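In the two complexes that follow, subunit A is the common piece, with subunit B as its partner first and subunit C second.
Right, the complex of A and B next:
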């Protein structure tokens, strides 16, 4: 790219050829008013607010649609520019209602802000104003279409970024209306981003409708907790109440977007029934008690059961969304009292790969690279339901790259696939192996003889060869495995295949995980095969063994195995039959009260400080945004006190930072230990029934999302469970 | 010389007579003392007394929960919580409270109100008998508004040309 030299308001600047004036001005912080321009969307130039004065051009020109040229002299504050902007503002205000006092955008409205600078105090318009009927866009987005200024940001977002054209403009001139063409809720899983995009109050958040004004809110930075990206967010709260969650720009993770799940899950904290005091079940009745009584009861029960069974009959299950500090303390505590049964992988069926692969689960490349992949292979990845924002990234790469999929279910994609294989769930490993065979044929020097022997007898057809060729031929290529892969009965084989394929084709590879902190849980050592940072551990029972074998006692940390686990029916039965179930949970509803015997209230998401480690291995710490209600305490404090009551040494933490620092030091000392995957045992046929379990739906993944009212009212909520068993129609 | 003058002044009760002159002069002037509460002083239409929330003639409350009064209040005496009203989904307050101990009667709330809902009436003689009564709830404020609507409306009318 060549460079051109230009001058804006007297600043001599250098800019890339082809960039627009407004981009250059934004970079150096020269403010040009705008409504329709957005850096992540295409240029529409239909609001005409960004008029600037360019030398040698007789009329003012829109800065967002005028490419820079050598020697350009641009003035943004000359009478010509200001005059043009003021005239545009007058036109915009003709039909905009003067209802700022009842508008949720009031106080943070781009039109309101700019009208202070560019608007006249008196309207010359005496004719009738237009009124537009409000649209019903579902439970997440409230509309007031009379306020719309037709910037079309929402339309372009759907069309360009999401790839699902849900909004559009109908009519012309005075009669333009933005709407959904056909009455119906917006269904996309990232729909609520149009609330942020809307420069006026036409689209606002329904769950927080009329609840607060912008100036009352306090903002604290946090990390979203519902997918493995670890999207950066700002939590806006008034007093103890969280009013809304909005995206915090982070180009390497969530860019400027946020999925609906991350945005509206906060509702669970305010609207659901919270556990406010420790509770003990006595003769089938719940009794509120004090912390001291409850903790002593926990200690005596644990001593009794662990003492009697030498730790064999006690099991700890941690949720997917607890902080790394909590899972680290949980494993340190439980191993300290002589029990090794701890796991978070309640949806895993195949544990044969335990102890192999990398300690840190997830990607071996930065997420940003997905944008630039020339070839991407998706393995059982229902991206739109698992990581909506990753789906947007993959979509970006489809502009130039190829995206292929081996998906055992009818995937909904928001991009076009170049190749698609739809094997039955039980055939997933075979199909994938065929791709490796094809790749091996192209590049035969990489695989070991043992591996080649394993692949012997698997035939590759044209599609497999095409997929392999795409991966080999393109330098920037990656293999992405969906959440379902780790739930598959042959997960370890598929992981091995992916690793091998990646080395044969020189691709990046990674697998996505359920919940936001699978990587953190693994590094913290909340798994039976290894302690913190991949350290040695006595063998313990894994989640499957714990949930299917029926232990005397379970210790649940923000985990609801009766819903989350693939063994849910057996899990529920075993939990009900257990002598003592101790649950650390923020919520007092759901089924936990049915089978628990002692419930300890812990702080929910945004109420505790902590760290999440995302799928690419980024450690992201955050402070508590609001305090927990009632007597609820952050989980790490509860675990620390429990350890203190057991008189274990090394539990004198005063802040969650000390906990994470200790773990971080351990992890840094050994690094990411990688144990090479062995060539797995020969491919066995899995039964249809074994493979075709159901996946958790988009809005079912964790206790918080399940309790978010607005999300549960969306059409997407009914996609639970996502059925993997596919009936072939051909 | 000074000492002599001082002696004569005090001996002849000059200061007393001076004072008595004021007394006598006022004794025959028109009386200005008001027999409160039987009698009351005249009040300006801009008088800033007890608060009220006004309603429209059809009974609909005026307040739209814009929270400008809450924001402008220099004493943080106003507390508002808002949400969509169950009946019709319109933007209304679910809580509107004024702490009369905090209030400094500056009238900013009245000035900021875009719908002339929160107003300060001419009422200034009120009292509390129990702890907690100084918090005016939404119902109380609306009631004050209803009882005094005529006067409030007349006062706004009289002051309209200056606003």
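Right, the complex of A and C next:
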């Protein structure tokens, strides 16, 4: 790409050939008004607001659709430009209602802002204004289509970014309407981004409709907690009430987007039944009590049961969106009192890889690279439902690259696959191994003799060979494994196959994890086989053993194994039969009150400070956005006080920062340990029933999402995978 | 859902006969294969003509699947062009241009006269199902403004007399068609002694 030299408002600039005037101006902070232009969308040039004055061109031209040229002199504030902008503004306001006082967008509206600068006080238009019927787009997006100025950002978002075009511009001229035409909720799992894109109040967030004005809100930065990306968000709150959550731009993680799940899960904190005081069950009745009484009860029960069983009959299960600080303290505390039964992997079935000493979870490459992959192989990855924003990245790569999939289910994709294999769940490892066989045939110098021996007898067909060839031939290639792989009874074998295939084909590889903090939980040592940062530990019971064997006592930290676990039925029975279940939870509803004996109220997401470690190993710390309601306290404080009551040393933390610093120091000392997998034991047959996919739905993944009211009303809430009418991928 | 066996053509094939499908396929061949949206207009025209001059949602969806485009892309086209009708219309759709040239030359009067003569408003259909009046955007006959189009024929430089003539011409055609078809019925029903009476 060559460079050209140009001048905007007297600033001499250099820009890449092919870039548009508005891009160059944005880079140096010269403000050009606009409605339809958006840096992540194609150029539509239909609002005409960004008119600028370019030398040697008699009329003002749109800055968003005019490519830069050598020697161009651009003026954004000359009378010619301003006149053009004012005229456009007059037209835009002809049909726009003057309902700013009752519009949710008021105060943060691009049209309102620009009309202050470019609008006239009095309209010359005396004819009747047009009125457009509002569309019902489902429980997440409120519409007021009379306000729409037809910028088509929402239409282009669906078409270009999501790949599922549900919105369109129907009608003609005066009668153009933006909508779905056939009434119905938008199905996409990233639909609410059109709320941010809409420059006016035509599309606003339904759950926060009329709850607050923009200028009453305070904004604090935080991290979303429902998938392994750790999307960056701003929490908008008034007092201690969270009004809404919006994306915070981070090009390397969520770009400018946010999944609906991350955006609307906050409703669980504001609209569900919260636990406000510690509770103890006495004769089957819940009694509210003070912290001191409750904590003493916990201590005496723990001493009794741990003392009697030498720690064997006590088990700690932590949820998948608790902070790293909480899981670090939980394991430090529980190991301190002589028990090693701690785990977060309530959905794992294959524990044969435990004890290998590997610390870090997830990817060995930055997520951003997915955008530029020439070949991507998905293994049991239902990206749209697991990590919706990763699906958008993979879709981007399909503009030039190939995407292949080996999925033991009917996947829904928002991109086209070049090859797809749909084996039975029990055959997933075999099918994947056949790709490795094909790759080994192309590049035979990498696999060890032992590995080749393991693969002996597995045959590759044309599709396997094609997949392997694509991975070998393309330099930018990767293998992505979905959440389900880690739940498969042959998870370790599949992981080994991925690692081997990656080395044979020289691809990047990574596996997705459930929840936002699987990596954090593992690094913190909330696993039975190793303590913090891969440190040594006496072996303890894993989640499967704890949940299926029936312990005397369970200690749950924001975890509901009766829903979350793959062993949910046995888990519920064992929790009900246990002598004492201690639950640290932000919520007072669900089944926890049925089986718990002591409930301690802890802060939910956005109410505690902490750190999440995402799937790439990024440590992202955040402060509490609001305080927890009632007597609820941040989980890390509760765990610290419990340790103090046990008189354990090393628990004098005054802030969560001290906790994470201590862990970080340990982690730095050992580094990112990736111990190569050994050749696994021979491939044993598993039954389809053992392997079958019983997945947590999109809006089922953690206690918070399950209580988010609006999300639960969406068409995607109930079933999984969802069978919908064939929404077309473009 | 990536169901590779799903036949995207089957809905449309159920709705229109094979020769119409061939006509659509011929249109598709005129465009590069990766450009899926250009044949939408042609396909909708074929389907609409087959269906008595209007389209249903089911038909638009079938066309979308057949052409492998998003449903809404077809709705956009069908709602944009005035030659597509989304509701049942009369046998003769009178499309009056009311864009600038025609308006300056008295399109309003044309519309008013038509409304008075047929006793319906713009957008309505006469009770006998014969006539629909609608206003359309420019049909590129500004030189002959004001103009209207009915039964694929342009009528320009309209006056009230001309409009009356157009209407009576259509009525005459209807009458001959009607009587010939009724004659036909008569022949078939000649055994019925009341048939002659019923015709009066």
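As a convention for this text, the second predicted complex is superposed on the first by the 716 of 730 C-alpha atoms of A that agree within 3 Å, B and C clash if a C-alpha of one lies under 4 Å from a C-alpha of the other, contacts with A are read in each partner's own complex, and residues count from 1 in each chain.
Here, a residue touches a chain if its C-beta (ideal position, glycine included) is under 8 Å from a C-beta of that chain, and two chains touch if they have at least 3 such contacts.
Source: prediction; values computed, not measured.
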Which partner does A:106 reach: the first (subunit B), the second (subunit C), both, or neither?
first
So in the superposed three-chain picture, is A:182 touching just subunit B, just subunit C, both, or none of them (first/second/both/neither)?
second
Check the contacts made with subunit A and report whether subunit B or subunit C touches more of its residues.
C
Just to be sure I read the superposition right, which of the two partners does A:213 touch: subunit B = first, subunit C = second, or both, or neither?
first
Output check: A:172 vs subunit B and subunit C. Expected answer is one of first, second, both, neither. What do you get?
second
In the superposed arrangement, which partner chain does A:413 touch: subunit B (first), subunit C (second), both, or neither?
second
Contact residues of subunit A, present in both the subunit B and the subunit C interface
none
Considering only the defined contacts, which subunit A positions touch subunit C in the complex?
159, 164-173, 180-182, 410-413, 417, 420, 723-724, 726-728, 730
Interfacial residue positions of subunit A with respect to subunit B in the complex
100-102, 106, 209-213, 215-216
Contacting residues of subunit C [partner subunit A, same complex]:
1-4, 6, 57, 64-65, 68-73, 75-76, 79-82, 137
Over in the complex, which subunit B residues touch subunit A? Could you list them?
64-68, 71, 82-84, 91-92, 114-115
